[in-house]
Amino acid sequence: MATDGTVRPSLAGAEVVSASLARHRFRPLEGLVWLAMLAGYWLWPEYRPLGSQIFIMCLFVLSLDIVVGYAGIVTLGHAAFFGVGAYTAGLTAIHLSNEPFLGLLTAAVAAGLVGILSGLIVLRTTGLTLMMLTLAIVFVLHEAANKLGSVTGGSDGLQGVTVAPILGLWSLDFFGQTAYIYTGAVLFLGWLFARILVGSPFGRSIVGIRENLVRMRAIGSPVRLRLLVVYGISATMAGIAGALLTQTTQFVSLSAITFTRSGEALIMLILGGVGRLYGAFVGAPIYMLMQDALAKYNPVFWTFWIGLMLVLTVMFARNGVLGLVDSVLAWRRRAA
Amino acid sequence: MTASASLPPLLETQGLSKSFGALVVADSIDLTLRPGARHALIGPNGAGKTTFVNLVTGTLQPTAGRILMGGEEVTGLSPEARVRKGVGRTFQINSLFNRLSVLENVAIAVSERDGFAGRIFRARKAERRAFEEAYAILEGIGIGMEALRPVAEIAYGRQRLVEIAIALALKPKVLLLDEPAAGIPSAESHVVLDVVEALPPDIAVLIIEHDMALVFRLASRITVLVQGAILVEGTPQEIAHDPKVKEVYLGEKSH
Amino acid sequence: MDQILSALVSILFHGLAYGMILYVISVGLSVTMGLMGFANLAHGVFAMAGGYITVTLMNGFGIHFFLALVTACIVVALASVVLERLLYSRLYTASELDQVLFTIGIIFMASAAARYAWGPLPQRMILPESLSGQVDLGFRTFPTYRTFLIVVSGVIIAALWLGIERTRFGAQLRAAVDNRRMAEAIGINTRRLFTATFAVGSGLAALGGGLGADILAIEPAYALEYLVYFLIVVSVGGLGTVKGPFVAAVLLGVTDTTCKYLIPEFGAFFIFLAMIGLLLWRPTGLFGRA
């Protein structure tokens, strides 16, 4: 891309068009990320259980990146959908069937519906009001889950969730072998979908809404509808992440549906980098590995370091770790 | 070119009024644009020119009066619906998608117009066509070479042209240009002028402009707006020799 | 019948005390959000700090309640100036998301520090003799501490409103909230105004935290726990107004107390539903400008 300010001879139209179309084509580096995640299975077998939990959060943060990073909706309530997914998957397993894919499906549908219904309320507003409404929805759902003890187990959590072997072949074991591959595969599909969404006309139009709402209205875009659709899609993904948590831990706790979980996901997102799809894959592992290490080392004080890291990120590395990598690369290119 | 009086009007406002409390910003404005019209709306600062544009596009709701497009009333329609009826506009201050490339800025409008902007899958062909059309529009106004650059990085004057390109991508029947040359040094304003002169001949253009040289070169009819109301409407010659207009403009020029 | 009336008076009384404390804590947040557009979720940290300082000075050093309160207020206000100049001011132009995350970071650090220094349990405030027991207001008796809260908060609020209506600082503040660019154009130093406002708001929060330590328990999770309440007050009251949050806070205090009394199981549920309804009806709050 000509960014050096000089006027270049006009590229032929065809070249410009193919260059623009190629912007969202897959790059080899992306495959590398997935190979690394696959290699992790053999390289650090003792980390497989943590690995599957990281994958789940990656998927959740990825869904959050779509609303916050791409559509520019600053929500504090994304855990609502994660929680709805988690409980739906648990209840499906207990009352209907413990077939894992059915659990994912019911969770996705329930979370998507809650997403669209709450989106109808929330997306009428912006700024502080929107934040408050999203927050309120998490609290309402949390209270509902807490008070409907006979259904959800209340504050004791939903127990007795079982999961049938995946595809009838592999059961979820204590060492997390199956869970690692299962969650990794679902994350891969989620990423693939997010990747396509972001590169599609729809993806560009939600970025357009983020960048310039007034102009989007002026070119006749049905802004409210687009936001509702993207909110519903993202809620569905978050619900699937919640379902995976239920299936891999065979338990649902009230903590699935708290402001704290929304906050954690936002932190992971900004640590990795907002609005770049890979932020989730960097931020979630960093946060969770830090949490794992720091909590062992100092269980009382570890949130202090997380807080400090957050403050420093916002002050000095607004685009997260990936933004830093970009800057270093750009700097080296200039130096070369 | 003169607008043919025999063709039905593309845009018509009847007694269009808007007030905020006691403040009247549009006072019973009647204006008619026929196919091929090159109509200028001039007037001192605060005369209500941009308000008029906002009323026509639906950003503001009028307190009284009607807006018709092709004889059909659109007064109650949303801004989006009016765009689909054929109203395109540019903004007085650049209003672009700063983090997208010049080409994407235009393609986003093409895809909205063609109705595939909400698509996630199977959009590749439509997308290619949108990019091709967007590029053709950029070529047509002489900024094809900027297509791949982020729009925030190109010169301000060229950003003004992207404003017009986005509006053109909607294939409007009525194009409202809100001070297209604002912010460009007058030595360079001819670039915008050339683009406006080369607009498709069948669309109706309403141009709001301060630069009198520009107005007299482009417009075949001029409406002078003062304090939200029409002072006078006529051909450039009539306006140039109108004593009331002179008074308003001399008053304006002197401070 | 008498019993119902008595319960009603009692609920109103407790709700009023609670609401006024919420207001004293939250009013600074409303002004900073309205004036600077800064989403400071960490506002509760100042109230928490005020609470810890007050309780520590009283329990640890035997300093009198009033003196401890004043000290907490001054210390927190000064500390907030340092924070504002050093950190907050750099983020005034940042995105909402950055502000939210930055202030969540501050909450994390503050609550970890509090847990480290004071442990995880809520601090018990031993009220001075003069504030414990009941006071007879003629027609019936009320708990002295809560009566005291209402009176002191009332005095603070009156002083605050007079300050905003009558002083030069208040006039500048109103002008800046109304139209910041215009205020700058007529020579008001908005930077200094921001800092001063921030300090006053934080000092008030500290005062509220200390005063209300018996209602809103001082514990490490304080800033996060009560954040929602502060935010409700601000968003329902309307950003940038001083009187709106008062109405919202008293409404919230009374409603919350009523719910806890009548339907303890579903109290929070009802409050949030009410808030959702209210914000849908008036997205800018009861007294906010569109």
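Letters A, B and C mark the chains as written, and numbering starts fresh at 1 in each.
Criterion: contacts are C-beta pairs under 8 Å (C-beta built on N, C-alpha and C of every residue); 3 or more make two chains touch, one makes a residue touch a chain.
Model, not experiment: these values are computed from the prediction.
Enquirer: Report the chain whose CA-based centre is farthest from the CA-based centre of chain C.
Expert: The chain farthest from chain C, judged by C-alpha centres, is B.
Enquirer: If you average the C-alpha positions per chain, which one ends up nearest the average over all of them?
Expert: That would be chain A.
Enquirer: Report the inter-chain centroid distance for chain A and chain C in whole angstrom, where each centroid is the mean of the CA atoms.
Expert: It comes to 34 Å between the two C-alpha centres.
Enquirer: Counting in whole Å, what is the centre-to-centre distance of chain A and chain B, each centre being its mean C-alpha position?
Expert: Centres of chain A and chain B (C-alpha means) sit 41 Å apart.
Enquirer: What is the distance in Å between the mean C-alpha positions of chain B and chain C?
Expert: 49
Enquirer: Enumerate the contact residues on chain A facing chain C in the complex.
Expert: Touching chain C: residues 68, 74, 76, 121, 124-125, 127-129, 131-133, 135-137, 139-140, 143-144, 147, 259-260, 263, 266-267, 270, 274, 300-304, 306-311, 313-315, 318 of chain A.
Enquirer: For a test of understanding, state which residues of chain A touch chain B in their complex under the given definition.
Expert: 1-3, 5, 7-11, 13, 16-17, 19-21, 196-197, 200-205, 207-208, 211-212, 214-215, 217-223, 225-226, 229
Enquirer: Using the touch rule from the top, collect the residues of chain B that touch chain A in their complex.
Expert: Residues 57, 59, 79-84, 89, 91, 95-101, 103-104, 107-109, 111-113, 116-121, 123-124, 126-128, 130-132, 135-136, 139, 144-145, 147-150, 153, 166, 169-170.
Enquirer: Which stretch or stretches of chain C touch chain A in the complex?
Expert: 33, 39, 87, 90-91, 94, 96-98, 100-102, 104-113, 115-116, 224, 228, 231-232, 234-235, 239, 265-266, 268-269, 272-273, 275-276, 279-280, 283-285
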